[in-house]
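Multiple structures are listed underneath, in C-alpha cells.
In the two complexes below, subunit A is the common chain; its partner is subunit B in one and subunit C in the other.
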Partner chain A sequence: MVRRVAVRLGPYVLVLWAALTISFALPRIAPGEPLDYLLGYDAGVLSAEERSAVLAQYGLDRPVPEQYVAYLAGIVRGELGTSVRTGRPVREMVAGRLGWTLALAIPTLVLALLIGVPLGALAAWRRRRRTGVALTATALLLTSVPAFWLGLIGIAVFAAGLGWFPVIAALPLTTSGPVVVLELARRLALPVLTLTVGIAGWMLLTSRAAVEATLGEPYLQLARANGIPERDILRRHALRNALLPVTTNAGLTLGALVGGVVVIETVFSVPGIGSLMYASVLARDYPTLQGAFLVTVAAVIGANLLADLAYPRLDPRVRRSGR
Partner chain B sequence: MASTQLIARGPGKATRRHASLVATLLLVAACGSSTPSDAPASGGTASEGAAGSPTATDPAATRGPVTAASLTIAIPDDPGSALNIYTANQQFDPLIDLVYDKLMGPSPYVDEPQPLLAESVTQVDPSTWDVTVRKGVSWQDGRPFTADDVKFTYEYFRDGIPNRYTHHTNDAPDIASIEATGDRTLRFHCSYPCPELGSVTFADLPILPRHVWESVTEPAKFTGLPIGTGPYRLTEHAGGQYLRFDANDAYFLGKPTVDQLVVTITKDQDATFAALSSGEIGIAARNVPPELIAGLAARPGIRVVSTTPLTSVMLRLNYERPPFTEPRFREALSLAIDRQALVDTILLGQGRPGTQGYPHPDSPWTNPDLSTPFDPGRAAALLDALGYTDTDGDGIRENATGGPISLDLQVTASEPARIRAAELLVGQLNAVGIGLGVRTADAGTIRSLFGSRDFDMYIDQGFAHELADPDQFIESNRSGLAWRAGLAYPEWDRLVAAWEQTTDVEARRAATFDLEALFNRQPTIIPLWYPNESWAFRPDAYDGWSETRGYGIVNKWSFLPADARAGRIARTFD
Partner chain C sequence: MTGQPDVVAMVLAPAPTLGRRTRGGGRLAAAGAATVIAMCLLALAGPVLVGGVLTDGAPFGSPSLAHPLGTDDLGRDMVGLLLVGGRTSLAIALVAATIATVAGGALGLTAGLLAGRADMVIARGLDIVLALPFLPLVLVVGAFLGPGPVGEALVIGLAWSAHTGRVIRSQTLEARSRPHVQAARAMGAPMAWLARRHLLPIVTPLLVPQFVRAAGAALIAEASLTFLGLGDPTIPSWGGTIAFGQARGALLSGAWTWWIVPPGLCIALVVTALAVTGFGLEERVQPRIAHWTDDGQGRSPTPATASMSESAASPASAATPLLAVTGLAIEYATDRGPVRAVRRADFSVGEGEVVGIVGDSGSGKSTLAMALVRLTSSAARTTAGSIRFADRDLRTLGADELRRLRGDRIGLVPQNAMQGLDPVIDVQAQVVEVIRAHRTIDARAAGERASAMLRRVGIDDARHHAYPHELSGGMRQRVVIAMALVNDPALLIADEPTTGLDVIVQHEIADLLAELREGTRMSMVIVSHDLPTVVRLADRILVMSDGAIVEAGSVNRVIGAPEHPATARLVRALPRLAPTGAG
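Our next item is the complex of A and B:
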C-alpha cells in the first residue's frame, strides 16, 4: 500500500521540487534586482556595505546556494519570507490574494463545466445537424475572443452602461454580515462571466470531441439495439465515457485560472494571485514571486492529482488496469 | 555673509487605435449610465454646495462642492505597503504627503517653499542653519511633535538602513551634525556650504515620529499603519485593493475639506474612466491620454483640467560605451532629433518638445537659457568631424575601423507612445547616417539597465525628483544615472568644486545653471518631450482641486482650506 502511494505521489513530489527550483532560479536569472525597485537610480550611490545592509533585511545578501537552502527549508516550515515590495510576510500576502483568485476560479470552472460539457455532448450527438454546427461554430468564436476585450465590452455595456454591476471589484465593502456574500457575488459576476465564456467554449469543444470519439463504439450500437432511448445512451454511455478528457481539461484549467488570469484581474481590479505575480515581476520581488509560483504550481499539481484520482472512479477500465 | 530667513505665512498606431476605440465605446456606453449626471456620484458624497446641472463646455456651470463626506480616488498602481517610505517609491509621494509633513512645504520643486512643520528656518552662515519647529503640533496618535523628532528623522535617514533620502543627508548636502539648541530649536551643520538646505532639503524629507521608529531596526519590514502629523491618517490598507484615509480634524493648518478618502487601485485605464463615467470614483489619479481628452471633456458631469507636470520622456545614453564616450557624438545625437515631430505625431500636440534641455524647464533650478535644438546639418558636420563617414554607400556611417555606427535602443513594451517614438527615431537618426535598432522589454528589465549598463540607449521617463530637485541633479551625476563618480570629467569636477563653495542660494542656483549648461552641450540624457498632464474628475463629487507642482492635483493641498493653501500652491481649480 505504502509503495503504491509512493509510486503515485513520487512523480508529483519530483515535479513540485523541479518547479520550486525553477521558480527560485528564474527571477534571479532575469535582468535586474530588488534594489532597482527599492531605491531606483539612487541605488547607484550606495557603497557595498550599504547595499548589503538593505538586502540583509530580506536575506538576499547571502550567497545564492544559501538562499536556495533557506528557501526550501522555509517552505517545509510554512515560511515564505518577506516581500521586498511591501515588507509584509509573503505567506500573508499570498493568502490574502488566494481568496480572490479562488472566488474567480471556482465559479468560473463550475459554470464552464455545467454549460460546456452538456452542450459539447449535444454538439457531438447532432454533429451533422444545424444545432451541432451552430454550437461548434459558437464555441470556436467564443474561444477566439480575447478575454480582456470581452471584459471591456462587458464593462461598457453592463457596468458603465446599464449599471447592473460595478466596474471596480475591490472597493471597500459597504455591507456586513451574510449580505457580504451577495455583495461580493455582484462584484465578481462580470469577471466570472467574462472568463466563463471562453472556458465554456473550450469545455464544449473538448466534450464534443470526446463524445464524438465514442459514437462509433460497438457498445453504443448494442445499447440502441436493446432499445435504450437516445437521451439515455448519450447521458449514460457516450458522455460517461467521454469524461476522462473533460476531467483532464478541467484540472488543467483550474491550475491555469489560479495564476493565469492577470488580464481579467487587471481589467476588473480584482486583487488576485495573477496581479500579485505581475507586480512582483516588475519589482523583481523574489520572495513574493517564489510564493506566488508555489501557489500556482501547487494548484496545477493538486488539480492534476485530483483528476488522476478521479479517473478510476470515472472509468472502471482505469481502475482495473491500476490493480 | 548671506543670511536667509523664511517666516511662516503652497503606442504603436494600432494599439492607440484600439485603445481609442474601446475607450470611445466605454464613454458612449457610459452616456446611458443609470447614474444621473446632475446627482452627486457615489464616487464622492457631497456635504454642501452641490452645483446644478453641469455641462462640459462651461466650467463655471460644473462647479461642485468644495467639501465632502467622502471621495473615491482611483490610482493605477499599488503602493504595496501601507505607505512605508522605505518601500513605497516616489510615485506615491502625493499619498505619503497626506500623512507626513516636512519642515518646509509644499515641496522642493517650487521657488520659495514656506515653513510647514518649521516655524522658521534661518541660514546662520554658509554651512549652518537654525530651525525653530512649530508649536502645538501633535502626531496623529496624540503624542506631541517636537524638535527631537526632526533630529531623529534626519539622523535615522543619514545613519540607518539607506533609503532614497539618505544621500540627501550624507552627500548633497552633507549634514555633519544636528544639535538641539533649545526646546524647539535645532542647529544643522553641513560639512561644506549648504545654502539650499532651507528651500530644498527641508522641503524634501518627511518627518517621522521618533516614538514609533526608534525601535525599528529593519525599516523595510515595518508594516504598521503610518503615524504622521499630516492632514490625513491612513486607517486601513487592503493590499492590492484600496487605502482608506480619515481626516485629521486637529491638523494644524485647519480641518481637511473631505472627511474620508478611499484610494482604490485600478490598473486598467479604460476601466478607470468607465468607473469615472459611472460615478464609482470621483477622480482618476492618472494622466488622461491625449486621444481621450475631448471625449471625456464632452461627457456631462466630468471635468478635465490640465496641469504642468515636472516629467520628461528621455533617452538615456550609455556614456561608458563607444561611441557615446565621445562628447561630440552625444551632441550630434541630440541635434539629430526632431522633437517637435515627435510631439506632433505621438502626443497630438499635447506636450512640449524637449528642446529646453535637462532637467526640466519649469523647475526654478533649471537654467532658462538651455537650448537643445533640431539641427541635422550641424549633427552631420559633427559626425563628419569625428571621422564617421559612409564609406560603403549604405546610408549608415562607419567608424575608423570600418564598423557601422549602429545603435541599439530599448523601450518598455507596455508604453506604446515610447515605442512609436523609437520608430520615429529610427528614421530621424538614419537621416544623419546613424543606424538604430529597436528592442522592447518589460518595465523591470528596462529599470535594471541602469545597474547592468548593458545598453546603448533606452527610453525612460523622469519625474519631479530627478528633474526639479537641484541636489538630485548633482547626485544623478554621481550615481551613474547621468554620470558616474570616479569617471574622469575634469570640466565637470571643476564646476562642482565651484558649486560646493557657493554660500548663498542665488550663487548656488547660478552654479547649478553652469553645470546644466555643460551637461546639455554633451548630454548623457536627452529629453524628447515634456508631457502635458490632464486630470479628469467629477465636480459633483468634489471640486476643490489645486495644483502643486510635481504632485498633480491629487495632493494634500487640494483637501485643505483656502487659507492654508494661500502662498503655498501654484493654482486652484475651484
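Our next item is the complex of A and C:
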C-alpha cells in the first residue's frame, strides 16, 4: 500500500521539488546578489552593520546547503516569505486570491472540455471532409491568437463598446448578499469566455489527435462489421478510448490553462493569483512572485494527480491489474 | 503506463491531416512558409522604406493619408512602429526557436541514441520541465533575469526545449526500432555508425517542423511576457505596442481599432502561418494512418459490361440462392497504379449452405469476403460485378441500408477480430450494443439476450462482465462469434476464424461453428488458409489463386480429385489424418 502510493506520488513530488529548487536557486544565480531580491531594492545602499543584520535575519550568512534545507523546511511549514510590496506574509496574499483564480479556471476548463473534446472527435472523424478541415483550421487559428489580445478586443467591443459586461471583473466592495453570485457570474463571463476560446482550441487539437490515433484500431473495424451506426462508433468506441490519452495528457492542458489565467486576470483586473504575479513583476516583489509560482505549480500538480486517480475508472486494464 | 503511444509526443506533434495527402501538405507548408518569410522581409526592409518610426504626427491621431494606421500617444506613426516592432518580436521568436531546437534536439537525440539509463534520466528531466506550467515558469525566471529581449529569448528558448526534446527523443526511439536499423544493430554495427548512417538522416529532417512549432509558441510567449512587463519598454515590439495601447486608454477611446488590433493580427497571422507550415511539414515526414471504411461506392453503380451476360444467365438455377456474386472485380490503388486483387469472381451460396474459400495468402480470398459487405480497406475499389443478397445488390445498396444488414442479417467475423474487441468495454455490453444497434429493445432484455448468446458460445456467466484483456484468445473469439450471431443472421461470413489460435482451440472454434449452425437455416462463408477447418465445416469449396476462383465443387470432389495445380498443392499440405469424408 505504502509502496504503491509512493510509486504513484513519486513523479508529482519530483516536479514539486524541482519547482522549489528552481525557486531557491533563482535569486542565488540571477545577476546581483540574493539580498537584492529579498529586499526588492539594491542591497548596496545598506551600511555594513545593517547588511550583516539583514543577512543573519534571512539566514543568508550560512552555507548554501544549510540555507537549502532551511528553505525546504520552511516550505513544509507553509512559510512562503514576506511580500516586499505590502509587508504581509505571501501565504496570506496568495490564499486570499486563490478563490478568484479557481472561479475563473474551473468554468473555463469545463466549458473548454465540453466544446473542445466533441468537436475534436468530429474533426478527426471527418478529417478528409470539409467539416474536419474547417474545424482543425479554426482551432489552429484560435490557438494562434494571443489570449491577452483577445481579452483586450473583448473589452473594447463587448464591455466598452456594447456595454454588455463590466470592464473590470473585480467586485465592488458594496456588493453583498445573494446578489454576489449573480454579479460574480456577470463579471467573470467575459474573462471566462475569452479564455475558453484558446483552451477549447487546444482541447480540440488534443482530442482530435487522440481520436485520430484510434482510427486504425481493430475495434472500430469490428464495430463496423457489426453494423454499429457511425455516430455510436465515434461516441462509444473512438471517443471513449481517446479519453485515455486526453486524460494522461491533462498536465499540458492544465499548464496552458494556467498560462492563460495569468494573462486574462491581468487584462480583466481579476484579483487572482495571475494578476498578483503581474503586480509582483512590476513591483520587483520577488518573494510574492515565487510564492505565487509555487502555489500555481502545486495547483497544476494537484489537478494532474486527480486526473491520474480518475484514470483507472476510464481504463479497466489499469483498474484490475492495479489491485 | 498502459503501453499506449507516447501521448506527449503525439499531442505536441499530432499526425497531421489538414488538407489532402502529401501534395496538399506541401502546398500548405509552402503557403505558410511564404507568409512567414514575407512578414520577416517586411519587418527587415519595411522600416528602411518608410524611414523608421516617424514622430511627426499629432498624439492620438486617427488614421489619415500621412499615417494610415494613425499615431500613438507620442505622435509616432503606427505603420513604422508596427514594422520596427515586428523586427523585435520576430527576432526574439526566431532566436528562442533556435535555442529550443538546438538544446532540445541535442537532449532528445542523446536520450534516444544512448537509451537505457541515460535516456531515463533525460526523459524524466524533460517530463519535469513539461509538468511545470510554461508561462508562469518563464515569467518567474524572466523576472529574475530582468526585463529585455535577450532574457526573453533565452528563457522561452530553454523552457521550450523540453517540448522539442520530448518529441525528438520519441522520434529517435521510433527510428531505432525500424526494421533496417534493428537489422544493422543485430549484425553488430556500432552505435556511432548507426547514428551517423541511419538515425541522423531520419531524425534531422524532423527538427524542421519542431523549429517551426517552437517559433510559433515563442512568438506568443514573447508577446505575453512583454505584455506582462518583461519587455524593454524602449524597444518597440508587437506585444509592447498592445500593452502601451491599453495603458494609454486606447480601449475606451476607440483608438484600439488601429492601435491594438493591427499588432495582434500580425502575431496571429505569423503564428497561424507557422502552425500551418508545421502541419504541412509533418504531413510529409510522418506516415499516414490506414483505416477501414465503407468505400462509399454505394450510390455510384458503374454499369459493368462483363456482368451483363452473367445476370441474364443466373435465373436458370433452380432456387434463387441467398447470395449470388457475379463478375466481381476488385482493385487496390498503389503508388504504382491499380493492382488487381480479385480478377473475376462468380459464385453463389444457397440457403443453409456452407461455402469454404481457400487459397494461399495473397490469393485475394479475404479481400473478396470483405468486399461482399464493402468493408475493404480504403485503398480497395470494387470495379465491376454485382453482389445479390436476398434480392438486393450489396454493391449499390445505400451505405446506411448496408450498415443495417451488417451484424443483423449478415453476421461477420473479421480477420483477427479477437484483437478487435473494445478494450475498455465489458464483453456483455459489446454484445448488447450489437443487439441494440439493430433492434428496439430495452437494456435489460438485451442484456439477457446477450448473456444467453454468450452461454451458447461457451462462456460461463462469471465471465460475462469481463473485459477483453481478462480473456484468452479463444474466449475472445467466442465473444466475437456471439456478437456475429446474436441477431440470428441468415448469412455468416467468417474470415480466418481460427487463425492465430493454438491447435486445440482451433478445433474447439471449428466445432463451435458447426454446432451453432445445427438446426438453423443459416448459410456460411468460411475463408481460411487452413484447409482442415474448411473441410470440417464446408459443403462446397472454392479455391482461389492469384485473384481468381480456379476451382469449385463439393468438398469430396475437390479434395478427392483436385483439378487445378493450386488445389493440388493445398491438398498435398493437408495432414494425413484429417477427416476427408466430411459433408
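Note that in this section the second predicted complex is superposed on the first by the 258 of 323 C-alpha atoms of A that agree within 3 Å, B and C clash if a C-alpha of one lies under 4 Å from a C-alpha of the other, contacts with A are read in each partner's own complex, and residues count from 1 in each chain.
We adopt the following convention: a residue touches a chain if its C-beta (ideal position, glycine included) is under 8 Å from a C-beta of that chain, and two chains touch if they have at least 3 such contacts.
None of these values were measured; they are calculated from a predicted model.
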Touching partner for A:P31 - first (subunit B), second (subunit C), both, neither: both
First (subunit B), second (subunit C), both or neither touched by A:N226: second
Which of subunit B and subunit C A:G302 touches, first, second, both or neither: neither
Broader residue contact with subunit A after superposition on the shared chain, subunit B or subunit C: C
Touched partner set for A:S269, first subunit B, second subunit C, both or neither: first
Which superposed partner A:L140 touches (first subunit B, second subunit C, both, neither): second
First (subunit B), second (subunit C), both or neither touched by A:P118: neither
Subunit B versus subunit C as contact partner of A:A160, first or second or both or neither: both
First (subunit B), second (subunit C), both or neither touched by A:L152: both
Contacts of A:R97 with subunit B and subunit C, given as first, second, both or neither: first
Subunit B and subunit C contact sites that coincide on subunit A, given as residue numbers: 30-31, 37, 149, 152-153, 155-156, 160, 167, 266-267, 281-282, 284
Complex interface listing, subunit C residues touching subunit A: 1-2, 4-5, 7-8, 10-12, 14-15, 17-20, 124, 127-137, 139-141, 143-146, 216, 220, 223-224, 227-230, 239, 242, 245-246, 251-252, 256, 260-261, 263-264, 267-268, 271-272, 274-276, 279, 289-294, 373, 375, 403-408, 412-414, 416-417, 419-426, 433-434, 437-438, 467, 469-470, 480, 483-484
Contact set on subunit B toward subunit A in their complex: 22, 25-26, 28-30, 32-35, 72, 74, 78, 80-81, 84, 86-87, 89-90, 161-164, 166-167, 171, 218-223, 236, 238-242, 244, 262, 264-268, 270-271, 274-275, 277-278, 280-281, 441-445, 447-452, 454, 466, 475-476, 478-481, 484-485
Subunit B-facing residues of subunit A, complex: 30-33, 35-46, 50, 53-54, 57-58, 82-88, 93, 96-97, 149, 152-153, 155-157, 159-163, 166-168, 170-172, 266-269, 271, 275-276, 279, 281-284
Subunit C partner contacts - residues on subunit A that touch it in the complex: 11, 14-15, 18-19, 22-23, 26-27, 30-31, 37, 127-128, 132-133, 136-137, 140-141, 143-150, 152-153, 155-156, 160, 167, 205-206, 208-210, 212-213, 215-216, 218-230, 232, 236-237, 240-241, 244-245, 248-249, 251-252, 254-256, 258-260, 262-263, 266-267, 277-278, 280-282, 284, 286, 289-290, 292-293, 296-297, 300-301, 304, 311, 314-318, 320
